[in-house]
């Protein structure tokens, strides 16, 4: 349990606990009552109660309490260990839709075809995935950073990169070659997809200074008018930079997903900062939840609370009427994502 | 009208409007009443009322409501489409002073003299401009970024750069050569001018990560004691970095001009952050307004409100007496600019 | 006196005073009463009263008012002009412990041995210092920045670097060679020391954009599990980045020391931001005070107030019980430092 409370991959130092973090405090305060414990139950009681109830019941309670209408779920990370989108829908009683990971498609394709056949096979696989998926995701941030050449690579460059990559590989393929990351980006552009970009804060594999979304400025500039749309995810501590990009580029959207969970009681400030430049019609909600059901519940609860605090503060100090506050809340909390991912359209799984 | 509410140059996505931004909300809340509409009038009514009243009346109302005592106006951008400083003074009943754009002078001079004559002609043109102008402005941020060699170029380098630039140019000259940008900076240093530096947030032409004012640190270090002063404009999201520079370098000033308008209800936090390290005697106000009269009115109103909120908060939590709050407000809102630009001095147009 | 209110090294511009800063306002508000003056006494009265009382009495009053239990003092900067840790203990009635500066040790060793003997002599000197010191400090930020090769240099590289450095040196040796800075880092790693890293905001010698702690990510990655611990000091304006590092790396700690003093009435926001990602068991307090006793008093007072404001806000908006608020305050204000520096252990001087 405790290891799901952190993006670190090491235990807390002796004499300390990950429960002593913003996220840990939020779990004790907000999730404990959902499991019939008093607010701020001590960690030992929380862990014990969780085990008593069993994973299925804990998931059911926390996910339903989240009040999420449609889960848009990216399935590229340890997908054999977590619920499928369909299972999530069953547990939660909510709608569902899938997002596929560009780098995972490349790894799967490279494992089964010759380098010379990679470009065509990748294109076919992506077409196939987009028959049901509502978007794609890139984790370039975890695979070397976002400061890549914005130029589209040629097929020859792609074939050479696949050959070099697969020739030396041992064990499961892991894509880090920038040529192939860029190839995936441009194939998504060609398909006018929604491209989720993991930005900023992540685990110890990330070189955070290579994850500033401003490093993608030239790519955004070159893809104006193509029909592609980019959704910058999480973005902390670069959420103001992400807001700037969403302000100047009509096809860039952003959220502060993961940051809301991990900044806990401080998340209202982070949410407010993310709405400085981001147009209200391009700000999104996400939970970045993975694994622990707590993250879904808290992601939704803290975002609602943070946005609510920001909006009522702006009502008080800047005169925003209640109905305008509610309208912004509806846009950010639901309508923008529904429009972006076309979730009303039954052929896309919403 | 709507395109003046954004630094983007593309329309909002289908089904959305630039009025759904911090700036759009501020226009509806604060400008609508100046045009006899109720607060938060719907965008359609606002646009219609604006057309009914006519540009002259709208300008007169909004500019006078701004309550600005002296307009310091930079005239290098689309100057044939906007009011001259003299016309602004007439419309507003306020004082006026002019700031000239270093890169525009270079473009004008390069268009009329041979490369070999450029250095002398540029110097003469700058001397001439500074007979009336109270300062110069550089838009290096829009022309490749601020990470330039801090060394002064030689005249030979300048002549070669002008020759290379003008030889291949088609249409109106547009300066991007870093040698010539640096030449302008150093000529301004020699004249002990006030050099306004556009920093940070701007339109889609800007590579924002090349606009961090820290990239100019070495130039600031080398120009200590020369008499030149630098005013860093806007600075968002690098306003804390700008405050640091104003703290350690006695000849660096800063403001959060444009950011105040575009962050709207969130601007009090931005204003407060800008006053963390900036000495109170070197913080400035600016509107960065261009074109739409709304930007002048809101720039002034939101800055006053944001500064007022910060000061009264600091009164409440840190015990600042009212008279000290007012003294800081006078410094930042007016006295610092008057001292920096020597606006009391009648020979400089104040 | 006035020059201790700034990290700049030049006088304030004519007609202005460093008292018109966040720090100056805090001195007038909080230190004046300790010297029997009314809050917000005018600067002239403050300076006169300070001279009347004499340095010894001023130090005694302000340091005791600080309420610091144990002073952990780094002695590498102008140590002949300030009180020794023992003298501080006498003046304050508090415990004391020493931190030694890696670069100063290198300068002292290089001045007395041949290059070929430098590695062994440095190691012996560091072992000797760590017999009593509770940690080491690196000021690489002031000596070229933090973006250094994370690789450990060989002894041959070290000897060559010392030879090159000392051959051309005139006057006192000043270490800037990155090979020797890295050598000191790795020797500290070998000794499982606590390494204080000066990060971010400093005087005009610093290139702040080379002081982002993210530039040390690879070093942190390579030293996991070695037993070394890093304490990132000050960190402004990179305190969110520092919090990220403390979140993902179990051996990274951080504080916002100096920033609290210099941001004054705004410091509650800075303190709150520093606790977004930093686990509560790895956040530290420091004053970064040097020279003026005011900095010790204000560093402690403003940090307590800022942390108190943040905690009670989180109590109000996020439901943190009072006892949990107090527990976090104890961890951050004292327990974490005592555990990190092993201050209870009598052999380390606590």
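As written, the chains take the letters A, B and C, and residue 1 is the first residue of each chain.
The definition used in the following text is that a residue touches a chain if its C-beta (ideal position, glycine included) is under 8 Å from a C-beta of that chain, and two chains touch if they have at least 3 such contacts.
Model, not experiment: these values are computed from the prediction.
Both chain A and chain C derive from one sequence, and where they touch, under half of the residue numbers involved are common to the two copies.
A rotation of 120 degrees, rounded to the nearest 5, superposes the Cα atoms of chain A on chain B. Chain centres here are Cα averages; for chain A and chain C they lie 37 Å apart.
Each of the following residues of chain B touches two or more other chains: 269. Only residues 6-8, 10-13, 15-18, 20-22, 25-26, 29, 39-40, 201, 203-204, 207-209, 236-237, 262-266, 268-270, 305, 309 of chain A touch chain C when the two sit together in their complex.
Interface residues of chain B, counted against chain C in their complex, comprise 212, 214-215, 217-218, 221, 224, 240-241, 244, 247-251, 269, 272-273, 275-277, 279-282, 313-314, 317-321, 324, 328, 331, 339.
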